Amino acid sequence: HTETSLSDKMTDSWELDLIKLSQEAMGKAYCPYSKFPVGAALLTTDGKVFTGCNVENACSNLGLCAERVAVNKAVSEGYRNFKAIAVCSEVVDTYITPCGGCRQVLLEFGQTWIVLMSKPDLSYEKRTVVDLIPMPFVLKIRD
Amino acid sequence: HTETSLSDKMTDSWELDLIKLSQEAMGKAYCPYSKFPVGAALLTTDGKVFTGCNVENACSNLGLCAERVAVNKAVSEGYRNFKAIAVCSEVVDTYITPCGGCRQVLLEFGQTWIVLMSKPDLSYEKRTVVDLIPMPFVLKIRD
Amino acid sequence: HTETSLSDKMTDSWELDLIKLSQEAMGKAYCPYSKFPVGAALLTTDGKVFTGCNVENACSNLGLCAERVAVNKAVSEGYRNFKAIAVCSEVVDTYITPCGGCRQVLLEFGQTWIVLMSKPDLSYEKRTVVDLIPMPFVLKIRD
Amino acid sequence: HTETSLSDKMTDSWELDLIKLSQEAMGKAYCPYSKFPVGAALLTTDGKVFTGCNVENACSNLGLCAERVAVNKAVSEGYRNFKAIAVCSEVVDTYITPCGGCRQVLLEFGQTWIVLMSKPDLSYEKRTVVDLIPMPFVLKIRD
């Protein structure tokens, strides 16, 4: 199931739990072209988790990042209010950070929620969305 | 929940059922910029359904179509074998067809599965993926 | 210079000339991630040629195909009426065809213009845009 | 012609000249869906300018921003070393900033070059690329 209640799995901290869920999701990555799996786990303000992985395509620009898969999934289930997203990869020497495209998509749903950028050992950096996309591009919605 | 078993809801034909599920999903569309909601419902070969809607962005090219949302969702849950996808919109005078980007993404997971392109009255056109993207662009996966 | 007058270079047939220009453009490809260079050459109705190559990105979905680079380039110079586009790659055993995303972008500027899909030996397949994206997705422009 | 030598047009400052060129380019925008024209002008390290405008599509996610049009154009002509990019729109009350997707594409070609974000009155904000996408996502290129 897509929805998981984070509280059911909580041990020490929700941050670590969310990162672990992103690592599980990474196992579903479809990345035959890059061989570079990425995972994400998105926590809604009411405690639900939606996970994502990268999904690639023969035409590389038609693939999608893990973070955007998670966000689109949540929105398609009616959730638009988010508390945090965890991102993980297999890279051991740097924290994986969202690409600019993903930052813009996170921004669509709020500027001050949390992005957890992790390493495989569960260590992480924590920032808000707008920290990662300062002077954000936003558009007034037409009525 | 994202997963729905189609058989639970089957009445006359699976095609109509799938189109109805796509219409339900359209209700979740996030399309404040275009005001053009689209829905999709993807049926896996083992009978599960994943739904999608369009999810737009202030930067229009970072949004995503309903069909791709549904496919990415299924893949992120471990499903890569599909039987059919239904697509719907509010347009009454023409069957809504997938854009070229979506056709390429459908193609990634097989050439001969079914695309149902519907109108609000549940009438539809039925084609295979490759019917909609002849002379398909495919890439051999590197080992 | 981006603009080249095809007639200056015409030898036997404009199709072969356009394919040769696409092959020259392929030499500019920025594809450090896929190592799969692609070239395109777009002929406007008034005889100008705009060339393109694929331009990749560390985030693969933010790269762009050669065909779309050529089209965007032409549009940004004020050209929107096209006669043909040639596409080439280094693949010897199949004609390179545009991805679905590119077919949709070609379609934006007309259904019946020509797509030349080539091999390195200059042999090619010739189709109209709508041949490659039947039952096209189009949207009425709002006034 | 795509290439313009900035020095030919230099008056008071290169920043204002580049912004003016972006405003000219905005006149070429193809934006029938959003009615939101954007222009860009990209200055290479050897003084050439490539301009861009947004180019939209019936399928909104297959359009492209002005900044990326300019970068792809330059790369397709063999230029990959950039000094600055100017961005403009018709919005009078805020400086137009690049979307996250564009920031990622700018980043592909260096972290410390200049982004000029302008208003119609030629006033502007000046930042480096990495100022706009801190903790950047980069990938080591495989040999």
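We just call them A, B, C and D in the order they show up, numbering each chain from 1.
Operating definition for what follows: a residue touches a chain if its C-beta (ideal position, glycine included) is under 8 Å from a C-beta of that chain, and two chains touch if they have at least 3 such contacts.
What you see is a predicted model, and the numbers here were worked out from it, not measured in a lab.
> Looking at A-C and A-B, which one has the bigger number of contacting C-beta pairs?
It is A-B, judged by the count of C-beta pairs in contact.
> Taking each chain's centre as the mean position of its Cα atoms, how many Å separate chain B from chain C?
About 28 Å separates the centre of chain B from that of chain C.
> Chain A to chain C: how many Å between their CA centres?
Comparing mean C-alpha positions, chain C is 35 Å from chain A.
> How far is the middle of chain A from the middle of chain B, if each middle is the mean of its Cα atoms, in Å?
Inter-chain centre distance comes to 23 Å.
> Where does chain B touch two or more other chains at once, residue-wise?
Residues 33, 58-59, 62, 64, 99-102, 104-105, 107, 137, 139 of chain B touch two or more partner chains.
> Name the graph shape formed by the protein chains and their touching pairs; answer line, ring, star, complete or other.
Shape of the chain contacts: complete, all pairs touching.
> Taking the complex as given, what residues does chain A use to touch chain C?
Listed in rising order, the residues of chain A that touch chain C are 33-34, 56, 58-65, 99-102.
> Show which residues of chain C lie in contact with chain B when the two form their complex.
For this pair, the touching residues of chain C are 36, 95-105, 107, 117, 125, 127, 131-137, 139.
> If you look only at chain B, which of its residues touch chain A in the complex?
Going through chain B, the ones touching chain A are 1-3, 25, 28, 30, 32-33, 51-53, 55, 57-59, 62, 64, 66, 68-73, 75-78, 80, 101, 104-105, 107-108, 137-139, 141-142.
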